[in-house]
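Notes follow the structure.
The chains carry the letters A, B, C and D, assigned in the order they are written, with residues numbered from 1 in each.
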Amino acid sequence: MHTLDQLNAMPDTDFVAALAGVFEHAPWVAATAAGARPFETVAALHAALMRAVETAEEDVQLEFLRGHPPLSPKAMTDPALTAESRSEQGGLGMDALGGSLARFETGSADYEARFGIPFITCVRRMTPPFVLRGLEQRLANTKTEEIAAALREIGFITRLRLVDRVSGPGKPRVAGHLSTHVLDTARGKAAEGIRIELFREGVLIKDGITNQDGRTDEPLLHGEPLRMGRYELRFHVEDYYAGWPNVTDPPWYDVIPVRFGVAEPEGHYHIPLLLNAWTYSTYRGS
Amino acid sequence: MHTLDQLNAMPDTDFVAALAGVFEHAPWVAATAAGARPFETVAALHAALMRAVETAEEDVQLEFLRGHPPLSPKAMTDPALTAESRSEQGGLGMDALGGSLARFETGSADYEARFGIPFITCVRRMTPPFVLRGLEQRLANTKTEEIAAALREIGFITRLRLVDRVSGPGKPRVAGHLSTHVLDTARGKAAEGIRIELFREGVLIKDGITNQDGRTDEPLLHGEPLRMGRYELRFHVEDYYAGWPNVTDPPWYDVIPVRFGVAEPEGHYHIPLLLNAWTYSTYRGS
Amino acid sequence: MHTLDQLNAMPDTDFVAALAGVFEHAPWVAATAAGARPFETVAALHAALMRAVETAEEDVQLEFLRGHPPLSPKAMTDPALTAESRSEQGGLGMDALGGSLARFETGSADYEARFGIPFITCVRRMTPPFVLRGLEQRLANTKTEEIAAALREIGFITRLRLVDRVSGPGKPRVAGHLSTHVLDTARGKAAEGIRIELFREGVLIKDGITNQDGRTDEPLLHGEPLRMGRYELRFHVEDYYAGWPNVTDPPWYDVIPVRFGVAEPEGHYHIPLLLNAWTYSTYRGS
Amino acid sequence: MHTLDQLNAMPDTDFVAALAGVFEHAPWVAATAAGARPFETVAALHAALMRAVETAEEDVQLEFLRGHPPLSPKAMTDPALTAESRSEQGGLGMDALGGSLARFETGSADYEARFGIPFITCVRRMTPPFVLRGLEQRLANTKTEEIAAALREIGFITRLRLVDRVSGPGKPRVAGHLSTHVLDTARGKAAEGIRIELFREGVLIKDGITNQDGRTDEPLLHGEPLRMGRYELRFHVEDYYAGWPNVTDPPWYDVIPVRFGVAEPEGHYHIPLLLNAWTYSTYRGS
């Protein structure tokens, strides 16, 4: 971890070394940006690094993109995989694609055959079904469109890597936020003690209990990008209603599911639930 | 099928024969009620038949209850099973209990050992998990409580059988009603063209598309008891939103699930959905 | 009152006489349309009458428009006012304009000076403030635009007069509909016994009590155009809540006001209220 | 203004002098409580002062209560009125009772005749109609009940006076809080730029504009008791909707009124509005 001030002050070779893991196998990127120092913000540093890539000749860009490992379960065993890529791809869990994995393998092969580069996408911003969907959509691009698309993903990947290793002012926003709030509109106050589960593409990834403010003690998700995809909150209200008048058997509501799609990995998502005996409502709040 | 007038006017032996399938293996029930004719309503006829059972001596009641077949998948092959029982139990699909079937078999055996009668319940009014739950709850009854509970179920069973074979005024209510209504509160009118699926204990039992009134052309369920249990409506709204301004990718809502519990098999359940871009609400309507 | 069949079959002179009150002081309109008989619908008859006016030479149209009385409280005492105009204008209650009446009188005078015809509007479709607003907006028209605007109003006026005196198939829609529905989402059923008041531009015009279906026994408004303007429903819920748990003193809600604007005099407006202890919502339903 | 530490440490006579304005014309109250020092919290100090009054003999209590000025517009000119009472009563605006002022005067006279003490109530916690209502309700008390009621009001009055002149830990809660929040559920974010008016018993007491968080920059009411009574928020949404698709003329909503009753002067009231094209909802939030 370096401070921005340190990076601004160190010799060019140290600067290149310090950022070695950000742009894979491409020290020339940092070398090009080094001359533009000092940077006032981390975001400006990242922009300068990206500019070095974006303004390179197309054959240099292609060479750079070819230096990236293919995104694939099989590739995970490739000894050439950088630690950064291994960690990012390992977190993806592409094996979650199940029966669609073959589609992904075929699509990847088609992609490489068509564009001559591996399929690159910022896996920390998407669920596996969205990685697959992105692959299949991008197969329809022209080569020029696709180089731009791949560089856009390189921008997301390196932005995340950079904020992990540089501290300082003006960090670009890389994390999203997901929270909830349960209001009991029968009593006019927050609903306490409700167990909440959060699923992403059918997988339970978090749970919590509402406190006396009707919120979980910490946000459901924060500190990293929200993966684009389909989520579901499940509010377990059966016990909450237990003491109410006129509760039926079985109760009218036992679990209240709220499905929603995350489209902005760096977005702020607040999803309140207004709860009552025979009604509820939900909305995207602020 | 007889009219109530016909039943009121026919000789006692014909009356007993006409109602033979209602109270299994127990012509004495109809014979006892025959003297109370004429009945003004079908409900009064049913009440008189039940009174004959309820006021019988306990050993007669037990003999009557013992005449009922055990509720069991195995029993379905028993040649002694009446056509009525076979049809009712076949519709239940106790095999839907899956891994819990063994619990049901054990509970049934415990029940017979404890009370000396087969476990009787009106399976047309419950989903299989509720049949199992009812069995396990009733195992905790005293014998007196349990005879009363079994006769209450006999009441439900025979009420359904009676309305199937007698026409006339004052039929008791045996059917429930389940309907929905989708309002588009962004446009201030009914939402047309939304596909709706209805699940019961996880099994799809009905689907439909909302018409220009925002309703399905016919109620989702009607004409028979709603089985007590857990239901889920799934409103497929993704295509509905397609043309809206500011639709994200993925869309905020694609499928809106609404889970609810049915406690009154003969009840009227109306479940509207108020739909908007970033919010929805649902309630039990009227 | 004539049937459409009668009108289709009668001699031209009788036809003209039968429709004498529809187009004021202008028997030539009916005379022109007479030749297009028979009409299959009342709407087709009205369209033919309007076509006679719309296709007349401009000086004939102006002469026809000049035959209409000025819309004014003072004009009410003019012996030349036809019974139809007197009744329509009397119902308007232009005196409700209060302090704005002078603006209306000035505007009317400006209008006549500018266009050479009296200001004509279908007062049965608007509240007085909207009549005034319409006058002031139309003062900005060119003469050609304004003749079209005046004829459009003549269309509304005569459509209403025609359906009052001709029965038969295909009547044009001239009436709006305003209704409400109160749901108690704490109990999951209709809310009975709630007094509702309906105000239009601050004047109480209707009240009612919700029945066991949560509706008023008859629609709040129906059978005539809804006057364009600003309405307010006031739901008196204080007594309804009286027996609820945790009712505060004063109660959280005593009167729930819902303001809304009517833009379509022939529209269908349904305004439910979903009521609960500490929340309510309302929407335009269907 | 004294600190609690100072009050704990000063001689008895200074202590009594320092609290002179809290219990009117009754230095014996502070003198009694002085011996119980030191107090750990301001609330404990107040409780000790009240205990001195509550445990006094009834004739001493009555003498104390008789020392309070009558609550009356006329009394405002009485030179014997303490500055504290004058300020508190002046803020009440009993003249807001209008036609009901005579009822208040009559009730006050009846009260004094019946109980031999002036009618005492903590006017900073109520709107004038609630002062009148309280008077008329308390006329039905027995003398014992009424002395207790008067002392309860003395408790509220002196608690407010005490926190105005003593700083230190453990201040009793004397202020309420009223805030709002407008969410645009058509866009899934806060609604900015909506003008809000707050009325109390028909009188405009505050207005504001929602900021980019959908809130007013400061709470609508805070820092003092909320007067028990009837409030109305008016959300001016007409301009907010102006650019929306399918806006009608007149618009469906122009002003959204939300009436509510405040029962707890020291309570926290948060009243969100969920806004959409053809629907809105409101609730008591947290």
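Basically, a residue touches a chain if its C-beta (ideal position, glycine included) is under 8 Å from a C-beta of that chain, and two chains touch if they have at least 3 such contacts.
Everything numeric here is computed off the predicted structure, so don't read it as measured data.
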item: Neighbouring chains shared between subunit C and subunit D, ordered by label; value: A, B
item: Pair sharing more residue contacts (C-beta pairs) when A-B is set against B-C; value: A-B
item: Cα-centroid distance, subunit B relative to subunit D, in whole angstrom; value: 56
item: Between subunit A and subunit D, centroid-to-centroid distance (C-alpha), Å; value: 50
item: Centroid spacing, where centroids are CA-atom means, of subunit B and subunit C in whole angstrom; value: 50
item: Numbers and ranges of subunit B residues touching at least 2 other chains; value: 185, 188, 252, 274, 278-279, 281, 283-284
item: Subunit A partner contacts - residues on subunit D that touch it in the complex; value: 183, 185, 188-190, 213-214, 274, 281, 283-286
item: List of subunit C residues in touch with subunit D within their complex; value: 130, 228-230, 248-257, 259-264, 274, 278-284
item: Interface residues, subunit B side, partner subunit D - complex; value: 185-188, 245-246, 252, 274, 276-279, 281
